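Heads up, the next two complexes both have subunit A, just with different partners, subunit B and then subunit C.
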Partner chain A sequence: MRLFQFYAQNSGEALGLFWQHIYLVAISTGAATAVGLPLGVLLTRRPAWRGPVLGLANVFQTIPSLALFGFLIPLPFIGGIGARTAIVALVLYALLPIVRNTYTGIAGVDPAVRDAGRGMGMTDRQLLLMVELPLALGVILAGVRVATVVSVGTATIAAAIGAGGLGEYIFRGVAMVNDTLILAGALPAALLALAADGLLGFAERRLGWRPT
Partner chain B sequence: MAADMRGGRADGRPGGRWFRFGCAALVLAAGCGRRDRIVVGAKNFTESDLLAEIVAQQIERRTGMPVGRRLHLGGTFVCHQAITSGRIDLYVEYTGTAFTAVLKHPPVQDRDSVYRAVAAEYGERFGIVWGKPFGFNNTFAIVVRRRDAERHGLKQVSDVARVAPRWRAGFGFEFLERADGFAGLARTYGLTFAAPPTAMDLGLTYRALADGRVDLIAGNSTDGQIEALDLVALEDDRHYFPPYEAAPVIRAEVLKRYPGVTAALDELAGRLSDAEMRRLNADADVRHRGITTIAREWLRANLP
Partner chain C sequence: MTAALEVQGLGYELPTGGALVDGVSFTVGAGETLVLLGRSGSGKTTTLKLINRLLEPTAGDVRVAGERTVDVPVTRLRRRIGYVIQEIGLFPHFTVGDNVGLVPRLEGWPAPRIATRVRELLALVGLDPEVFVGRYPHQLSGGQRQRVGVARALAADPPLLLLDEPFGALDPITRVELQREFRSLEGRLGKAMVFVTHDVREGLMLATRIGLMYGGRLVFLGTPEEFRAADHPECQAFIAAA
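The block that comes next holds the complex of A and B.
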C-alpha cells in the first residue's frame, strides 16, 4: 500500500512527528491536570465559583482553534508561534472535563461517609486527602482520560501554528489534495487515541474505587 | 483569506466521489429552469464573488438585460462544469488556474503566452471565449512589513537576499509543498533564512507577520490583508511565480446571441491593478462591506 511505502521512505520524519505529538499531548494534559484538579477541589469548597469557572471552561471549548491561535499570537510569554502557543490552547481545551469531573466526583461522595470522617475528628484537609479524593478518584481519572483522548485529536491543530505533530501530515495532505499524506497523519493519531484510552481505562479500573 | 485562493491553482484535483456528487447536485440545482437571461457564476472566495458582481452589474447597466447570479459555487471544478454544461454563461477565471488545473499543463512563467494558450484551447475544446484580462495578477506574493521594507530598502524579492540570513519566514503548507512554491523560490533568489521556515496555517501567517513573530511570508498578491495590516508585496523581479491574470470566460454562444455583452466586458479590461483589487478585497473582508455596494460604487467611480 502507498501508506506503508510513504512510511518506509519517511520513517525518520514520521517518527519525529509522532513523538512531537505525544510530547504536545503529555505536556498539555499534564498541565491541565495540574491546574484543573486543584481548581475542581476549590469549586467544592466555594460553590459560588462553580457557575463562572465551569462556564468559562465551557466557553474555551467553543472557541475555534484557529481563532484562539489568532488571539494568542500577539500575547507575550504564552503567545507567539510554535509549541508553546499550541500547548496553551490544548490546556484550555482540556480543562473542562478535568475540572468538571473533579468537582462532580467529590460532590458525589456520600454525605454519610463525609459526616463519619468529620465525626472521627478529621480536618478539612484530612477529609479531602483521605476520604474525598480516594473515593472520587475513579471519576477524576475518567475526566483525565477524556481530556487525553480528546487532546490526541485536537493536537493535530498544533501544525497550524508551526508546532509540528502528526497534524503536519494532515495539513500538508489537505493543502496538496494528497490522501496518502492525510492518512499518514490521521491513522497514527487515531491509534494513539485508542492506546491512550486503553491505558488510562486500565489505570481507572485499577485505581478507581467503585461502590458495589 | 481562503487557504486556497483562485480555487486550486496548479493542483486543482477536486476531492473524492462524494465531493463530485455534491458538485453535480449543486450544478444541477443551479441550472434548474432555462431562461432568457445571462447567468454569472463565481468560485467560493471573495475576489471571485466581487468580480462576478462587477461583471453582472456592468452587463445590466450597458445592455439592460437581466443578469442572474450564482455566486460562491465551490472551486474551479464546479465552475468549469457549470459553464461547459451551460448552467452558467460566464465566470471569472485565472489564466494560471485554467492552464494548470483545467488544461493540465505544467506551469509556465510567461504571461502572454499563457493567456494565448488558454484562450485558444478553451475556444477549441469548450466553445468558451476568454475576455480581456482585468489587469491584475493574483499570483503568490512575498510579503513583508512596510516598516522593514522602508528601513532596508526592499522593493523586489531579490533585495531580500541581503537580510534573509537574519530573518525568519513562515509559510502555509501549500506553499511549502508546491512545485512552484518555496524550494524553487529559495533557489531562484538565493534565499537562506536564519532558520528553516515555519509551516503554519495560511491565514495565521498574516497575523504572525503583523505581530513580528516572522519577518516574511507568502500570500496572494491581491489579499486584502496586505493593505489592511500595513504590509507590502515585493516585486517578483525574476518572474518566478506563474501568472494568474483574471479575465471573464464566456460561452461563445451567448456572445453570438447578445452582441452587446462583448462591448460591456471590454470596458472592464485593464481597469483593475493589483493594488485596486487588494483595496476591493479589503473592503469586503476587512471592512465587511457588501459586495453589491462595493461593485456599484466601483463601477460608478471608474466607468460612469
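The block that comes next holds the complex of A and C.
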C-alpha cells in the first residue's frame, strides 16, 4: 500500500529509473550479442582459440559484479563513474553465455548434415548462413536470454557506481533502512527480469528449429 | 574420349603419419558403376572423400571429366559431383523440396525451373511429388529419406555420383527394395558412379566392376564374374560371406 503511495508521489523519478534500467540492459546485451555472436562463430572455425576465449569470458563471469565495477572505475577511457563503466561491465558479463551458446549451438549441428552441405558444394558462408545458424538459433537465443536476465539483475548493482537504474532505490532503501524504498526498486527489477525471460523464451520457441 | 572419373596413384597420409589410402588407381566411365568393397577402415570412404576433396589427396591425381580436381574451384567441383552418404545428411529445417533443389539453388537456377526439376526427381525416385514436396525430413521413413538423398544428389544432373553406403542404415526389406530400384536407375541414368559398401551381395548386384580395398590399397579390380573367380584371400573371404 505504501509502495503505491510512493510511486504516486514519485512517478517521474520512478519511471526515469525504470527506463534507465532498461536502457542499461538493452545497450549492453545488444553490444554483447553484436560481439559475442561473431566471436562464437569464429571459435567454430578456429578451434585452437576456443580454450583461451571461453576461459577469458569465464574469468569475467566469476569476478563478483561489484568488484568488476570497482576494477573498471580507475581505467582510462572505459572507466570512471557513471553509465559507461556500468555498460562495459554488463557487456563483459553477457559475453560468456552468448559466445558459449553460439559455439555450442553450431558445434551441435549433425556432422553428417555439415558433410552433406560441403559435399554438395556449399561455400563456408552458405553453410553458416543457410544451415548452421538456422539450426543453432534456438540455442543462441537461449544464450541471449540468460545474458539478458543476468543483466537485469546485475544492472541493479550498477547504481553503486552512479549508473542509475532501479538499483538507486534499493541502495537508497538499504542506507535509510526503508523497506518501501527497497521494494520500489526490487519489485520492478524482478518483474523486468521475468518479462525478459518470458519474451525471449517465446522468441526462442518460435524461431528456434526443433523436430516436432 | 575422357572418362568421367580417373584416379591415378591416389594416396592419403595422415599428418601424424600412416597412410589411409595408398596407390589407388581406377577409371570409371559413363554408365558404369564401380563398387568399392572392403571392410570397415579399409579406406573406401576416404577414397570417396578424396575424389570430391572433402579430404585433400597427399599423393596422386584425380581427374573428373578430364580436369584435375585440384585445378577446379572446390565448390564448383562438388556441385558437379552428386554425393550420397549413409546418414543422408538431409537438412532438417528444409522441406523435401528445398533439400532436393539445393544445388540448383546454389547454382542460381530460376525458381520455376527448380520446382519442375524437384518434381521430376521425386517422381524418378518413386516419391509422389504432391505428397512429399512440402514435408520435412523427420516426417519421412528411413527409406523415403534415402530416396530424397538420391534425388538431391541427382538434382543438378551431375555426370558423376559418389555413394557412401547409401542403404547401410535401412532395414533389410527396404534395403532390397531400394537396391532393386537403384539398379534400374543405373541403367536409365547412364551416370558414372562410385558406390562404397561392405555388403558383398549389394556389391555384386549393383556393380559393373568391383574394386576391393584392403588396408588402404586396391587389391582387386574387375567384373563381378572375375571377382567370384579371384584367388586373392580377401576376395575369397568376401565371397565366403556372400
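Operating definition for what follows: the second predicted complex is superposed on the first by the 211 of 212 C-alpha atoms of A that agree within 3 Å, B and C clash if a C-alpha of one lies under 4 Å from a C-alpha of the other, contacts with A are read in each partner's own complex, and residues count from 1 in each chain.
Everything that follows uses one rule, which is that contacts are C-beta pairs under 8 Å (C-beta built on N, C-alpha and C of every residue); 3 or more make two chains touch, one makes a residue touch a chain.
These numbers were taken from a predicted model, which means no experiment stands behind them.
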{"item": "Fit or clash - subunit C, subunit B, common subunit A", "value": "fit"}
{"item": "Touched partner set for A:E168, first subunit B, second subunit C, both or neither", "value": "first"}
{"item": "First, second, both or neither for A:M122, with subunit B first and subunit C second", "value": "second"}
{"item": "First, second, both or neither for A:L135, with subunit B first and subunit C second", "value": "second"}
{"item": "Subunit A as apex of subunit B and subunit C, Cα-centre angle in degrees (nearest 10)", "value": "150"}
{"item": "Touching partner for A:R84 - first (subunit B), second (subunit C), both, neither", "value": "neither"}
{"item": "First (subunit B), second (subunit C), both or neither touched by A:I73", "value": "first"}
{"item": "Which superposed partner A:A112 touches (first subunit B, second subunit C, both, neither)", "value": "second"}
{"item": "Smallest separation in angstrom, by C-alpha atoms, between subunit B and subunit C in the superposition", "value": "50"}
{"item": "Touching both subunit C and subunit B, counted on subunit A across the two superposed complexes", "value": "none"}
{"item": "Residues of subunit A that touch subunit B when the two form their complex", "value": "66, 69-70, 73-74, 80-82, 159-162, 168, 171-172, 174-177, 179"}
{"item": "Subunit A to subunit C touching residues, read off their complex", "value": "110, 112-123, 126, 130-131, 134-135, 209, 211-212"}
{"item": "Complex interface listing, subunit B residues touching subunit A", "value": "3-4, 8, 11, 13-16, 170, 172-174, 176-178, 198-201, 203-204, 207-208, 211, 213-214"}
{"item": "Parts of subunit C lying in touch with subunit A, wherever the complex brings them together", "value": "52, 54, 74-79, 83, 85, 87-93, 102-103, 106, 136, 138, 152-153, 162"}
